[in-house]
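I have a structure here, written as structure tokens, and I will follow up with some questions on it.
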Amino acid sequence: MVRTFPARRAILREIRQFIRQQARAHALLDEAESLALAVTEACANAMIHTNCTKIGVTWKATRDRVEIEVEDDGIFRRRVPVPEVDGGGGHRGIPLMMALLDQVSISGGTVSRPGTRVRLVKYRES
Amino acid sequence: MVRTFPARRAILREIRQFIRQQARAHALLDEAESLALAVTEACANAMIHTNCTKIGVTWKATRDRVEIEVEDDGIFRRRVPVPEVDGGGGHRGIPLMMALLDQVSISGGTVSRPGTRVRLVKYRES
Amino acid sequence: MLLEIRETGQPRAFRLIGELDISNAEILSAVLDREVEEQGDISLDLSELTFIDSSGIRVLLRAMDELNGRGKIVLVSPTSSVHHVLTLMGLDDRDSIRVVGPGELAEP
Amino acid sequence: MLLEIRETGQPRAFRLIGELDISNAEILSAVLDREVEEQGDISLDLSELTFIDSSGIRVLLRAMDELNGRGKIVLVSPTSSVHHVLTLMGLDDRDSIRVVGPGELAEP
């Protein structure tokens, strides 16, 4: 299940609605809000840190886990923002995704091959 | 190629020597220091954030990329350290790994299944 | 509208209704920037806030910083999902933020 | 020994030799803590420093913070791999840190 959204902050809520809807359809009610938050953070990162124009969100649920991929068409910034310079302690999006989920993968795009892919995995309780 | 090290800070240098040696053996001289730094950060994170006792480092180089896995036997902390509280802006290990490499995956362990796995991937220049 | 900020009866008490994220965090930020100039607690009723992201958390932390001991940020009746985020980000551990249930409001 | 810190001829000038990481960053930190009390630049010759991690960077940033405008941290002749890390972490962008080559030392 793939959906593409324009990379605008006002769209984040629609993206969450998509995730909540999928979570409901796949009997993942307890995980819905954690997944919606992690996806919000991944999409916000793309919007904050790149000049991407669109964001693809892929939902895949199996018996034992959900896997969500967030892909933008921006260029990954190969610089480490150090809080005191970049203002206000950073928003800590990646640590938050990690705290919410079981697995977080980030593949940075390059100038010749733009597009950052963030893969978020949450195991089903068993 | 797997090596297991005791989780002590003084061992980090030996871990780097292992990485540099593998990098030399696989004609990855230009990448050696970036890989050594990323692995240092991944191992330091395990030591800082968990009470792990040992760290496994797996090296795998193919035609087009190097893949290094750092696995500890600690429990992943599901809390987001917010810089102002946790002191000094954080050391920003994960953003640094991401800036150095092409792909970073983090799979957090749990109480019932401890062990965090960090997978670091760098593509060969082509 | 995604977020509504309503003044409730008391002074320096607001109710947040809707979803707080990076698209509207600056609305809350503008309200709090004005309030932190004066001393005393600022109370935010979160019972109808259904979502908060890291940008929302950051606005709360910044307001707390700016109050700088001259008052607390009191977060009233967060929903369970918002409460989970407050906990993950350690807001419940801070002296200058209080998270309270609906009945606890009168206490010091 | 992983790291050696040697006082060079001039006042407030040190040479770092070896590898700086989380296992020994506090040795450098102890030296700098003492120096930042007084005003004026602190110069660190990095030509024989072969490795630096985020903990080492953090010690430099902290010293810079504590100097608080009363002087700069001057990083002399970093090796290319250390220079790469300084750049990634944005140290070359800061007013209170100067990264200089071996010949540039006399300049203001």
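Residue numbering begins at 1 within each chain, and the chains themselves are lettered A, B, C and D in the order written.
One rule holds in what follows: a contact is a pair of C-beta atoms (placed from the backbone, for glycine too) under 8 Å apart; a residue touches a chain by one contact, two chains touch by 3 or more.
Treat the numbers as computed from the prediction; the structure is a model and nothing was measured.
Q: What's the distance between the Cα centroids of subunit B and subunit D, rounded to whole Å?
A: 25
Q: Which whole number of Å gives the spacing of the CA centres of subunit C and subunit D?
A: Measuring from centre to centre gives 41 Å for this pair.
Q: Please compute the C-alpha centroid of subunit B, do the same for subunit C, then give the distance between them in whole Å.
A: The separation of the two C-alpha centroids amounts to 37 Å.
Q: Which positions in subunit C are in touch with at least two other chains?
A: Residues 61, 88-89 of subunit C touch two or more partner chains.
Q: At least two other chains touched by the same residue of subunit B: list those residues.
A: Those would be 78-82, 84, 89, 92, 96, 99.
Q: Between the chains shown, work out who touches whom and classify the graph as line, ring, star, complete or other.
A: other
Q: According to the definition of touch, which chains form touching pairs?
A: Per the contact definition above, the touching pairs are A-B, A-C, A-D, B-C, B-D.
Q: Give every residue of subunit B touching subunit A within the complex, in rising order.
A: 76, 78-84, 89-90, 92, 94-96, 98-99, 102-108, 110, 119, 121
Q: Please give the residue numbers of subunit D that touch subunit A in the complex, ascending.
A: Listed in rising order, the residues are 61, 65, 88-90, 93-94.
Q: Of all residues in subunit B, which touch subunit C in the complex?
A: Contacts found on subunit B: 78-82, 84-85.
Q: What residues on subunit C touch subunit A, complex-wise?
A: Residue list for subunit C touching subunit A: 2, 19, 21-23, 51, 53-55, 58, 61-62, 81, 84-85, 88-89.
Q: Okay, in this complex, where on subunit A does subunit C touch?
A: Where subunit A meets subunit C, its residues are 9-10, 12-13, 16, 33-34, 36-37, 40-41, 44, 47-48, 88-89, 91-93, 96, 99-100.
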